[in-house]
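This is the structure I have questions about; it appears just below.
Every chain is named by a letter (A, B, C, D and E) in the order it is written, and numbering of its residues begins at 1.
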Amino acid sequence: MLAHLPVLQVLLPLMAAPLCLFLRRPYLVWIFTLIVSGLAFLISISLLQQVMVSGTLVYEMGGWSGPWGIEYRIDKLSAFLLLIITAMSTVILLAAQTSIQKEIPENRQIYFYILYLFSFTGMLGIVSTGDVFNVFVFLEISSLSAYALIALGKDRRALWAAYQYLIMGTIGATFILIGIGLMYQMTGTLNMDDLARRLPEVAQTRTVFAAFAFFIVGVCLKLALFPLHLWLPNAYAYAPSIVTAFLAATATKVAVYLLIRFTFSVFDLSFSFTALPLQTLFVILGLIGIFVASTAAIYQKNVKHLFAYSSIAQVGYMIVGYSIGTTMGLMATLLHLFNHALMKSALFLALGAVMYRIGSVQLSSFHGLGRQMPFTMAAIVAGGLSLIGVPLTVGFVSKWYLVLAAIENGWWPVAVLILLGSLLAIIYVWRIVEVAYFKEPVAGTDGVREAPMALLMPVWLLVGANIYFGVDTRFSVDMAQAAARSLFGVSP
Amino acid sequence: MDIALNISSALCLFLGSFLCLSGGVGIIRFPDFYTRMHAAGVTDTLAASMILIGLMLQNPDAIVILKLVMILLMTLFISPTTSHAMAKAAMNSGLQPLLDKKENKDGVESS
Amino acid sequence: MTFLICVAVAIVRVKDLFAVAMLSGIYGLLSASLFITMDAVDVAFTEASVGAGISTLLMLTTVAMTGRTEHYVRHKPLLALLVVFVTGALLIYATLDMPYFGDVLAPANLHVAPRYIQDSMREIGVDNIVTSVLASYRAFDTFGEVVVIFTAGIGVLALLSFTRRPEDDAEISSDNISMHEQNMIVRIVSKILIPFILLFALYVQFHGDFGPGGGFQAGVIFAAAIILYAMLFGMGVARRAINQTFVQLFAAVGVLLYGMVGVASMLNGGNFLDYNVLSEDPVAGQHLGILIIELGVGIAVAMVVIIIFFNFADRIDISKHKADKKI
Amino acid sequence: MLIAATIAILVVMALTIIRGCMGPTLYDRILAVNMFGTKTVLLISLLGFVMGRPEFLDIAIVYALINFISVIGVLRFSDSFGFKQPHQKKVSGGKDS
Amino acid sequence: MMILGLYNYWIVVALMMIGLYIVIAQGNLVKKIVGLNIFQTSVFIFYISLSKVDGGTAPILAEGISLYSNPLPHVLILTAIVVSLATTALGLALVVRIKEAYGSIEEEKIQMKDDQEC
């Protein structure tokens, strides 16, 4: 059975989703979903071990090898990502039942879990597959379900946000499809490994160049990189809290994964960074993204909006790290992937708890919450500190490596700008702290109590992880380093 | 035998194409919806059957002929039905046939 | 080809949304004929039933609900044009180095595809190469495709379903009956046609090995027959004939059936979706596997399309009903 | 002859598209769509013969069916569009005369 | 030769541009979806044109024919068509809900209503 793990990883949630329809009660479905996600988590741990021991795993679908069939190819990077996604999903699902009960009408809850599982599956599929067209298919699975999930939000603006996301997402996916088509046209293959072998022959043609450009633009749309980020804030802000937490923790990560996978494994690095002025472009866009988004975050009235903008800024950090183009930079990016997933899911889940009690996440309704919901607010503060990058939190670790990487490469200004960006983070986090701890509660909110255990526990689990991995960095740093090294090992 | 088949097939095809074309001209040139429908409906049915029969004559394969017959039957069924339904819907929605010389080419789209 | 552009431009210009929906139907038909001239018969099949059939119907229902006219406000056309032209320019630029249309020696035709063409008969034993690639070599993609459509079905359900009140049902169905008394001719013809369509769907389903067709197309045609029935005899009647819960469960069964084939082959010692191990003889195994997964695809697609359409049409009836009550 | 017929049908298709784009009423467009559909059926049957592989007539059958269904759909939904009662005749036809 | 050889692709590009233009510039939500459809269909045509082989026929094995068009893009496009159907369905469902919630399907009006709320 061990040999089938790569496919089981994806197959398990995939098959579980339709089964949910047979369990007619939301509560049962929740338990079932949770079990499935937990199992997926266990599988991903086991996969990670296998990969660490024996190197890249290849699984041939239908027994057809190589470029003829579809194969799953799990290397260190994918295993790392799989671990992040499954872990996040499991923790978030722990909280789901309580929060969903409040935010989604009873008759739609089953559909919610099914869509959640599909979204989850889609991401796992993208990460583990070794076939470019398969990437597209799973990308669509995950994004279609994400659109529907966002639209389940209570506010009617959720619908509009979902629609915008659908339009942008589909354009992005179609761009990726064009990119795949152009690549196929020039090489005649869809298998990533095979592509990597055959692309250098035709690397100098304009078609391949265009394929690359389309692909990058498509991925960046999904990634919400700075000029293409417009869909993200609303989508995150009006989706149900659980969905926000899940998407924030995983969706952009998967897009970053795609970017890395394509620039490093499919196109080789020398092509990626020389064909286009990609490196400079990305550094500039990343930095602008950090500043614009952080500044925008400062002016938001809705806390979910605030953190959504901060997500865009964090994507900026990842892109900067990635475009430094050294092992160190890539490692920082991967670390940040991991860490950002931890802190954003903690933050959004905590916001979910606030939503559960107050029914709103406007900044104005946070008055005095520090006293009414001490644990939840403490979690938000801890997450915020991590966002800023205070020592002993995970945010510090990844920023540290990021700055190190920049300096190592001799990019002093970039390092300085990264630090300046963190200052902006201090401002927006401070606004929440100020409102929550130093303002009197608004009249009429006396009855607000601490969030229920079912919500608090996952939140603090995540916050704990935030601090643990901030202190004991061995696991995450080792993983990121191994993954980054293996990527650079592949590409000359 | 072959020659006879070929000639008759060609004849059918020719007739069909001609009817098609006349229908096409009709749909452009006629002044209002009902006359256009007349042009389209009548030519559609006959032209389609002509062309299909022409094709049937060309091919000896039984299954192909069977399929062509099916298509033919379907056009015979469907074409008048849709015409009927359309005319009825148009009447119901208040689109008047152009009976005298009054100009009402546009603006009749009722909503 | 040039037709396509005309229609597309017309779509930009025309403001009546009903017309737009219909033009998009024409567009679907046109692109389907184009696919035929380029030898892609399976694709043409699908595009015809999807682009010209189902999508158009869905658009019509939506338009019927949301209003027909478009209040045209021209905004930021410059930015749009810029984006469009940059994209276009990039693509034109890309075409300059492309192999020419129809080139036998294009890399795409030399690398992977020849194996499918030469060996699929020996390895899979199915005439239609597209089917063998679809259902065996790249079966996992197809599984993904089924899941995508299933996701869409669930998404539509999550968005549009609502708990129905029985009295609404009764009123609506009586409404429908009175409305369709008049369409005698159409109804009778359809009554003749519907069984035929269903039969034809089955033919397409099982004929996919030899000619164009397969599970997806069959599913769509099957659903089209049901949709025709629902349109002519009213939603209430159709709803009584076809139980919604049942449809949903069946959609799930379709997906599961597909997955189960994969699991079965895993249990038999092969990889996921490896049909060779399903039977003593690999080719027979392939046949069996393809047959079952196509069936799964067909069931899932048909049910999902029915779900989607019913939910849309229900909304129409309800919204119309509300409007009537207000007046 | 086959090719000549194909070309004739292509020309008719062009004419139908013109009608479909011009309108002026909704029903003209429906008519155009319907006619276009039947012409496509013929075109496909012809193309099958031109290309020498007449097995593909299945597609033509599908087109005929789909065409029928979509026309019925259009009529059904244009009927149910708006608030008018099925039997009540509006006088909008003479509005601008 | 160049014009003939690439003509197909250029049409595809033109269609793609029209589709994209509709998506970006039109304010009506249904029309945007139609535009999206056109955009996607143009990509399908692109794939299919790259699979065409001169003198080849449809990839269904038959006796006496040795040159077939490339079947792989056909398979990919079958999948992609289904995906586009799924997207269309979901998008239209959203449009219906938006209409119910906002009473309009024009981008501008919806934006306006949102701005008032904020």
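Keep this in mind: a residue touches a chain if its C-beta (ideal position, glycine included) is under 8 Å from a C-beta of that chain, and two chains touch if they have at least 3 such contacts.
On a predicted model such as this, the values are computed, not experimentally measured, just so you know.
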{"item": "Touching both subunit A and subunit E (chains)", "value": "C"}
{"item": "Chain at maximum distance from subunit D, centres defined as averaged CA atoms", "value": "A"}
{"item": "Chain pair showing more contacts of the two, C-E and A-C", "value": "C-E"}
{"item": "Chain whose mean Cα position lies farthest from subunit B", "value": "A"}
{"item": "Chain centre separation in whole Å, for subunit E relative to subunit D (CA means)", "value": "22"}
{"item": "Mean-CA-position distance for subunit D and subunit A (Å)", "value": "48"}
{"item": "Computed distance of Cα centres, subunit C from subunit B, in Å", "value": "28"}
{"item": "Per-residue multi-chain contacts in subunit A, two or more chains", "value": "133, 137, 140, 144, 147-148, 151, 178, 184-185, 190"}
{"item": "Multi-partner residues of subunit E (at least 2 other chains)", "value": "20, 29, 50, 57-58, 60, 62, 72-73, 76, 79, 83, 86-87, 90, 94-95, 97"}
{"item": "Residues of subunit D touching at least two other chains", "value": "23, 26, 30, 32, 55-56, 58, 61, 65, 67-68, 72, 78-79, 81, 86"}
{"item": "Pairs of chains in contact (touch as defined earlier), listed by label", "value": "A-C, A-E, B-C, B-D, C-D, C-E, D-E"}
{"item": "Interfacial residue positions of subunit A with respect to subunit E in the complex", "value": "133, 136-137, 140, 144, 147-148, 151, 156-157, 159-160, 162-163, 166-167, 170-171, 173-174, 177-178, 181, 184-185, 190, 301"}
{"item": "Complex contacts: residues of subunit A adjacent to subunit C", "value": "4, 7, 11, 14-15, 17-19, 21-22, 59-64, 67-70, 107-108, 111-112, 114-115, 118, 121, 125, 131, 133-134, 137-138, 140-141, 144-145, 147-148, 151-152, 178, 182, 184-190, 198, 202, 205-207, 209-211, 213-214"}
{"item": "Subunit C residues touching subunit D - in the complex, by the definition given at the top", "value": "3, 6-7, 10, 14, 16, 18-19, 22-23, 25-26, 29-30, 32-33, 36-37, 41, 44-45, 48-49, 52-53, 56-57, 60-61, 63-64, 68, 179, 182, 186, 190, 193, 197, 200, 203-204, 207, 211-213, 217, 221, 224, 227-228, 231-232, 316, 320, 323-324, 327"}
{"item": "For the subunit C and subunit A complex, residues of the former touching the latter", "value": "90-91, 93-99, 106-113, 115-116, 136-141, 143-145, 147-148, 150-152, 154-155, 157-159, 161-163, 248-249, 251-253, 255-256, 259, 262-263, 266, 270-276"}
{"item": "Contacting residues of subunit B [partner subunit C, same complex]", "value": "74, 77-78, 81, 84-85, 88, 109, 111"}
